[in-house]
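Order of writing sets the labels: A, B, C and D. Residues in every chain begin at 1.
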Amino acid sequence: MVDYQTIIDKIVANSKEATERGVIASYIPELANISLHKFGIHILDADRKTYSAGEALEGFSIQSISKVLALAFSFSLVGDELWKRVDVEPSGDPFNHLSLLELENGIPRNPFINAGALVIADVLVSHLENPKEEFLRFVQELANDSSIRYNEKVALSEKRTGFKNYAAANLLKSYGNLRNDVDSVLDLYFYQCSLEMNCKQLTDAFYIFMNHGTCLREKSYLNLTQVKRINALMLTCGFYDEAGEFAFEVGLPGKSGVGGGIVALLPNTYCVATWSPGLNPKGNSKLGMAALEELTTKTGHSIF
Amino acid sequence: MVDYQTIIDKIVANSKEATERGVIASYIPELANISLHKFGIHILDADRKTYSAGEALEGFSIQSISKVLALAFSFSLVGDELWKRVDVEPSGDPFNHLSLLELENGIPRNPFINAGALVIADVLVSHLENPKEEFLRFVQELANDSSIRYNEKVALSEKRTGFKNYAAANLLKSYGNLRNDVDSVLDLYFYQCSLEMNCKQLTDAFYIFMNHGTCLREKSYLNLTQVKRINALMLTCGFYDEAGEFAFEVGLPGKSGVGGGIVALLPNTYCVATWSPGLNPKGNSKLGMAALEELTTKTGHSIF
Amino acid sequence: MVDYQTIIDKIVANSKEATERGVIASYIPELANISLHKFGIHILDADRKTYSAGEALEGFSIQSISKVLALAFSFSLVGDELWKRVDVEPSGDPFNHLSLLELENGIPRNPFINAGALVIADVLVSHLENPKEEFLRFVQELANDSSIRYNEKVALSEKRTGFKNYAAANLLKSYGNLRNDVDSVLDLYFYQCSLEMNCKQLTDAFYIFMNHGTCLREKSYLNLTQVKRINALMLTCGFYDEAGEFAFEVGLPGKSGVGGGIVALLPNTYCVATWSPGLNPKGNSKLGMAALEELTTKTGHSIF
Amino acid sequence: MVDYQTIIDKIVANSKEATERGVIASYIPELANISLHKFGIHILDADRKTYSAGEALEGFSIQSISKVLALAFSFSLVGDELWKRVDVEPSGDPFNHLSLLELENGIPRNPFINAGALVIADVLVSHLENPKEEFLRFVQELANDSSIRYNEKVALSEKRTGFKNYAAANLLKSYGNLRNDVDSVLDLYFYQCSLEMNCKQLTDAFYIFMNHGTCLREKSYLNLTQVKRINALMLTCGFYDEAGEFAFEVGLPGKSGVGGGIVALLPNTYCVATWSPGLNPKGNSKLGMAALEELTTKTGHSIF
């Protein structure tokens, strides 16, 4: 029997002593002001037991982690039609610098590069009457927590400065791979990225991916094949230009965000979320990566 | 208890009826003459029990599968120094068409694109007195089978026509990331790709990757971390431009070759090799992919 | 003494018999409705004598030809500061398909690819109080013709569908190479491209480039070095992906537009404009190119 | 009447005082040892009068200037068939760093990037019995000087280190755009680049391009259209990544080499060669560019 609590207590203790903590994302003022010393970790296992340590209940900007939730929602709405508009292969490019290059034929490489996430947002805008409200409700339902909110300040900040996303959306539009107008799609996208959640809420929301498509509230959104597809995408494309390194160190499907959050999961076994706002040069949480590496090594749960 | 034999017998039965079998690689005359109806599968489990069906004992050209064996050998010789000269991330590019583009700074994206495999071959040429002989002996020892041979005709055929590999090697050389002369490196590379092995020999040779770095003959070449690195590389980069698709369908570390072979493994559990020479448009064995998908679904051994 | 009138009468006669007339640009409805049989040519020489044939007085959408006029205006306002924000070298890329790629460091290759023209428009927006009005007045003054107008329908049509230009502008903005907001810059850009002028008005406006920087009204906007710079840019970058071909066939500085216009000039000697709306596959007027080739051959005025 | 001698005497006087002289190409030891203080200039006019100043009679490695001579020879042998295998447009890329990228479809952008020059060399190898001997004789005949020689040491030096050229040749071969074996083509190419000529010999050899295709010995190799094509190529593609700058500063067709030579010409008027081994960051002779700019300004012979 794995003693999760002891392991994560040790991880938190180690994290307190870490001197190299990475660099906080500064392109949005709202992210730049977080303390570099925050660290939280939370585990939810298949029996719904939870283990918590550090600032696991403090909310942060989930940013790109939201791409998995938006993918799940749109996948549940349109099924495999989705893959006509976005591919499922790793990109080999940093997360946004060159992602535009991959659009030559208008089909983004995968749903987790920004261009791909914009196509996903476009699908939601097409199928939902009030995209922002309904997406928020979807996340609240997955996490069984109606207190989850967008951070309007963060959303508006990105709206003012997210020129590369505007560029990507317009390029997609020029290829006919954006059905709605650019502003509606970006509006949903910037709000979706601004979601504030804590480590506990993240594991609750991602429970669906370790539980065959059925969420905490026992509602089934995805079938097994669909969950497998999303998990495979997380494993191969979930960490920007560091997917190979994460697969090696952690060996679990997961997704990171520039807010410093990471969520990862072992199907049928557990889901874990970490938060430490300092990023490594590739844009992933430095201490979060280390924590997950330690966790999977100690639990023996890596797939390799 | 999983009944491997029943599963693979069914797979072979299915394969006989398959009408869409893919297309045989035709760029080397020696590969072009194989019958499209060949199909073999072999399993070696952690208890060293074996399960066989179809043409599991008929040899074929392992081609790119050899890149894993060469990587293992060079990794055992120089350790993590290797990663200064080749990266560990998926490339997002087809297997050789654009691989040159990734050399701008002279560091190939991973050891399984051709440019990366040439760097690995260069390491072997630097550290071995008789590279071809010693590499062959290494593979024979891993597989515990001294009958394994290079196919000289295949090697010479590639030497005559492999202009893209010559281009890649010269480009690496221009960046100073090839220490030996181009011809020596390519000589080893073309021979290594020409190795003839059957499905049984492949599972025997790859046993080391499911067995923590210790081969069938109980000799330990790699430590656990090194094996984990190689397995992670297979999972994220082992299938050309179809790594994401393979991760989804099969969910195991593995490697394919244009000769129609695929080998895959679940650490501590089993290693499986398939052979069906017809390739899908991305260069992976069409029926082999399907067989592995069926196997992991029926055994429940996929990681997702 | 060259007999321009005889030459251009012959050119017009030939053009009437041409069966292969190219294809009309169809991406804007307003351009698509022009008759493929229109053909006009007009010459203005250094003594201000004029020679006219065909529909030389019928207005058309000058489109990219406006980039030279905008460049002249911004160059007169900021001088060589301009070259910190846009380069002066040919791009080797089609006119808009890949122009984004050239922005990696945010500096467009030259002022005539779309990204470069957007930087020029940005300069005008920064320095003018009413950019659209003042640019129009500048063109009217150059051409000594206050009847020149924007075509609002064309401008609004491009505003609705010019997603690649929005993408380029946002990408420039993300690199800090657009000082004003994207919409203001694109507003000027789309209006500038929508200018309606006829062949006579074009030669009048471009007289400044054959006359050392002094326009028809004797007002001096540019010095000799500046004119030389603009003429060199026209020669090396004025014809999308066909600059080399135009240099060979015509051997004069010039600029084309997808409305079917071309203007070219020999310093101190003459300026010529042609209009034929059918384009060749590279986006340049098919009969216009042929006409200029015939003209320079017959006058012996090519530089080669 | 232009007084060439006075102008070039002044140019040489200025050059002696220049403190910023650029950097000598160091990738070949034989080039690296030249004194940075060498400077020569030579003019041959349409009446075959000559004007000389500085070290105009000292030989140097003409390097890429040879590409024009090889183009002329192959063009005279196969005519417009040539353009099926190499394009005529500027490349927008530095002279060899990224030239490989332009080969995606196997057709180099123009005959003056290295890949294009290799296709030209391939044509010569196909059509000549003793390519090196016959090409040397062709150059000797153009220049009416049988003392012109290859520099074997330079040729062998490049053969040992020219890995990017080997890469380019192999890539061309993989696309089927090299008919002969890679080594034969590169052998001619390296020898051709190693030609030693002085400024006088260069103007004599390039006399054919200002004289409608008829060389000094009155032998006609090219027709007028062919000469025009080559001159247009020099103007738009003759200066690596600085074609636009050269067109602006000098305004004449010309070609530079990393040995520090530049040759330029005004059809029917004169041909000029300069030599100063220090290069600017784009690989063109720094003082040579300045000298030609001064010459064309003072003679008023620029085309703009």
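The rule is short, and it goes like this: a residue touches a chain if its C-beta (ideal position, glycine included) is under 8 Å from a C-beta of that chain, and two chains touch if they have at least 3 such contacts.
Since the model is a prediction, treat every value here as computed from it, not as a measurement.
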Exercise for the section: Going through C-D, A-C or A-B one by one, find the pair whose contacts repeat those of B-D for over half of the pairs by residue number. Expected result: A-C
Practice task
Tell me which chain's centre, taken as the mean of its C-alpha atoms, is farthest from chain C.
Solution key: B
Fill in the blank from the handout: Whole-Å distance, C-alpha centre of chain A to that of chain D, is 56
Practice task
Round to the nearest whole Å and give the separation of the Cα centres of chain C and chain D.
Solution key: 32
Exercise for the section: Compute the distance, rounded to whole Å, between the mean C-alpha positions of chain A and chain C. Expected result: 48
Fill in the blank from the handout: Where chain C touches two or more other chains at once, the residues are none
Exercise for the section: Kindly provide every pair of chains that touch. Expected result: A-B, A-C, B-D, C-D
Practice task
Enumerate the contact residues on chain B facing chain D in the complex.
Solution key: 100-101, 163-164, 166-168, 170-171, 173-174, 182
Practice task
Show which residues of chain C lie in contact with chain D when the two form their complex.
Solution key: 87-93, 102, 109-110, 227-229, 231-233, 235-237, 241-245, 247-248, 251, 253, 267, 302-304
